[in-house]
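Here come two complexes built around chain A, the first alongside chain B, the second alongside chain C.
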Partner chain A sequence: MRAYAALLRLRCLLLLQYRVAAFAGICTQVFFGLVRVMIFDGFFRSSSLAQPMSFAHTVTYIWLGQALLGMLPWNGDREVQDLIRTGNVSYELCRPVNLNGLWLSRCVALRSAPTALRAVPVILTASLLMPPEYRLAPPASAAAALAWALTTAGAVLLAAAITNLYSIALLWTISGEGIARLVPPFVALLGGMLIPLSFFPDWMQPLLRWLPFSGLMDVPFRLYLGQLGPGDLAGALAHQLGWAFGLALLGQWLISRGLKRVVVQGG
Partner chain B sequence: MAQIVVENLVKTFKVGRRQAGLWNALKGVARREYTTVRALDGVSFSLEPGELVGYIGPNGAGKSTTVKVLGGIMVPDSGRCEVMGLVPWKARMAHVARIGVVFGQRCQLMWDLPAADSFDLLRDIYRVPAAVHRKKRDMLVERLRLAELLTVPVRQLSLGQRMRCDLAASLLHAPPLLFLDEPTIGLDAVSKLAVREFVRDLNRENGVTVILTTHDMDDIEALCSRVIMIGRGQILFDGTLEKLRSCIPMERRLVVNGVAGEVALDIAGVRQVTREGDRLSLHFDPDRIPPADLIAQLSRQFLVRDFLVENQPIEETVARLYAEWRL
Partner chain C sequence: MSGIRLYGRYVSLSLQSQMQYRASFVMFALANGLSALLEFFATAALFARFGSLRGWALPEVALFYGMVHTAFALAEAAGRGFDVFHLHVRNGTFDRMMLRPRSTVLQVLGQDFQLLRVGRFAQGLFVLLWGAASLGMRWTAESVFLAVLSVVGGALLFSGLFVLQATLSFWSVEGLEIANTLTYGGVEAAQFPLSIYRKWLREFFVFVVPIGCINYFPLIRILGRGDPLGYPGWAAWVSPAVGLGFFLVSLRVWGVGVRHYRSTGS
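Here is the complex of A and B:
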């Protein structure tokens, strides 16, 4: 376990070095957050129907999404992808550790460290500097805050397990952009990044709740807002961790199959 | 007891082929053409502990493939292979914990972090106790003169510096067996000498078995008592350097300096004459014409002020062997 923890720590340290990228990310996310809030403002003003979520809740939901955008599995781990593309994966295979575990630790670092660096400024900006009706509201209660924090940790693990599959796909397709381009739009849509999942039609709700993607954003955010109570916490965590574990096992199986046919690039 | 046993190893690759150009690229979409390349075609050898073996062959001969199979990275199609009693690809984790590997064209250190961080990570990966690790690391830092390099991000090191750090990284867990895949590639003369000296001492003092693949025949001459040559996936030669030299008709080289004016030579036993400015070099067969006779003949034509007789460089021997075996 120590090796995985050490790698996780190192990767985090490394990812925290990229300050310019973080600053650019913060600006982009605040800008797009504002645009999305305004779109929903227009939507709420033009509709007199009862909506599944109040405008204030929607605004908070959007800001949380912007702050934690980096946590979504929207890209693969560049480092692992480069390792495979260039053949440096040879060195990873020369280590007495489980490759799946090694790559999963990298993915956990990728999903957590840069996000942590960006989330705090975005949250501060959204809760202090925005016009009052466009502000990020604090959690519904202390219990809600705790439930949100726990499910956010669960979401990191789930996101890492999904991210890892993008890298593993490269063992089959060397240019590999395929999977890593194809899946993220679905992740964004089904995870609630584009539209909160509550706005989807009722008949889709069971499917959306069952799929792993609701565990990435929607469920933690609704715990934050108090739409889900502390009683829903256990179920939410079980959903996240169950999927994370299942996808990690899938990764393990795929890697052990992929390695049998590995061809190391470039001599 | 042999440390490494390789018997009849076979590994084939499918290589996609297409001619250059748009039309052929489009054709490739509909139908791929593959050819099968036998990278290893029945390779067998065995190694005793403490040997330092040079593994040579032209590009694409199967050198790296052999190293990758021995390193547990690649699974061969057939054949037997045991390294210290383990089959590398079956017991990968237990196997790789006992070997060190350096790929000269790749880097095992984290690019954006100082080497010291990578060393710490390797300690955790190989589960080396902290005290043991510190002692080994300090020894390597001293021997490879890394003290000033450890705190610089690896990407800012020169190639020679990086290679020294890479060597240290591969030895932190004190493996009894080390694979070096072109460790001196691209290095300047000083770094090459440093790497060679270090590898030699490692082999002599610590008894580490080393398999060295290289294109640099100076590496081989400086280090290896035994040479294995591979070509088109087959072992073509396995023996001492002297034996390799004797594979082709023995030749010596005579270099004469300070030659002035036109020279016309037609001496039996002299194969090749080249002239660069006032320097003349001749390849001759000492069985047909003893060096003393050759020099006597030459001094009849012009004044021989300074000369030197040498063995044919191993480089040329190997090049001739490659040509002879059509590699």
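Here is the complex of A and C:
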């Protein structure tokens, strides 16, 4: 366990070095958030129909999504993917640690450190510098804040488990790379990045709640907003951790199968 | 060999190399189209909940969406060389291009022609035609001509943005993500009619980075609607020229950047 913790810390320190890139990212996120908020503003002004979520809640949801964008498993671990592509993955096999555990800790670092660096300024900008009706609101209550923090940690683990599968898929080279590109658009849609999941048709809701992706953004955000109460916390965590554990096991199984037939590329 | 023929060679080489991995090409193209199509699905879900967006219906928004995505796909395919140009600065491989007796613009453009963007192009076109069909729109020769011209103008505008992004890397290879605000952010914003935004954002997209010209003015005319923003009708025909103008200006800026270039050596 200590080896994995050390790996995690090292990766985090490294990923925190890119500060200018982070600043650029923050501007991009704030801009995207603002455009999205204005689109919803237009929709809410055009209709008096009852909506599953108020405009104020939608605004907060959008800003949280922009702040935590990096947490979504939208890309794989570039370095591990390059290792597989170049054949240097053979060095990884020499290390006296479990490959799945090694890659998973890297994924946890990838999903958390750069996100934390960007999230704080985006949250500050969105809650202080925006016009009043476009502002990110504070959590519904102290309990909501705590529930949000806990499920955000759960979301990082879940996101890491999904991210890791992108790299593992590369052990099946060509088709694997296709998977690593085909899945992220669905993650963005089903996780709540594009629009809050509650706005999707009612018949889709049970499926959306069951799939792992709602645990990435939608569930933590609705706890933050108080739409889900403290009573839902246990169920939410079980959903996240159950999927994270299941997907990590799947990764383990795929790695052991993949390695049996792996042909190291290059020479 | 003339510049255009040389570029043709570059493109055909690039296409041949992409066709070496056919299965992977097909999946990349699918993924490229899919991500944009899912975004449209989310928009359709919002229309199902709200009914309309400031007087615009879903099929009308589909036209805006389709035009900006087809234009952006063309720019992404052709302008890929500029999009990833910072790697040449970082690795010092731009030196090599400067030694060749051809213009740097031609060589950078020739680096890559990303055919997989056909995915985004196809879905954009599909959404556009779907929108037109559900509106029962009659395409006249004039409106087809204006639509095609605007897509080309839009592609030039986005290419100009890629060129500016590449030029930025002569000064710093970090923080280039800021350019995404204008490219991807511009696509995001122009998927909807410009009239739904606040004034400052609208004017930014008309007068500073004229992304609004790609689809807003031409579609107002094609749809035969009055402009809620009150811009004059001839704006529709000026728009494509604005794209060309923006592209030419960014090439001038690129020239300034090239003169400023200092190799990383190595």
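Methods note: the second predicted complex is superposed on the first by the 263 of 267 C-alpha atoms of A that agree within 3 Å, B and C clash if a C-alpha of one lies under 4 Å from a C-alpha of the other, contacts with A are read in each partner's own complex, and residues count from 1 in each chain.
The rule is short, and it goes like this: a residue touches a chain if its C-beta (ideal position, glycine included) is under 8 Å from a C-beta of that chain, and two chains touch if they have at least 3 such contacts.
Owing to the predicted nature of the structure, the values given are computational and were not obtained by experimental measurement.
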In the superposition, chain B vs chain C on chain A residues touched: C
Which superposed partner A:Leu194 touches (first chain B, second chain C, both, neither): second
First, second, both or neither for A:Phe55, with chain B first and chain C second: neither
Which superposed partner A:Pro96 touches (first chain B, second chain C, both, neither): first
Partner chain(s) touched by A:Ser46 [first = chain B, second = chain C, both, neither]: second
Touched partner set for A:Pro185, first chain B, second chain C, both or neither: second
First, second, both or neither for A:Ala3, with chain B first and chain C second: first
Common ground on chain A, meaning residues reached by chain C in one complex and by chain B in the other: none
Of chain A, residues touching chain C in the complex: 18, 20-21, 23-25, 27-28, 31-32, 34-36, 38-39, 42-47, 49, 51-52, 174-175, 177-178, 181-182, 184-186, 188-189, 194-195, 199-201
Of chain C, residues touching chain A in the complex: 21, 23-24, 27-28, 30-32, 34-35, 38-39, 41-42, 45-46, 48-55, 172, 174-178, 180-181, 184-185, 188-189, 192, 196-198, 201
Sites on chain A touched by chain B in the complex: 2-3, 5-7, 10, 13-14, 17, 86-88, 90-91, 93-98, 259-260, 262-264, 266-267
Interface residues, chain B side, partner chain A - complex: 13, 59-60, 64, 68, 71-75, 92-94, 96-97, 99, 101, 103, 105-108, 110, 112-113, 117, 120-121, 124-127
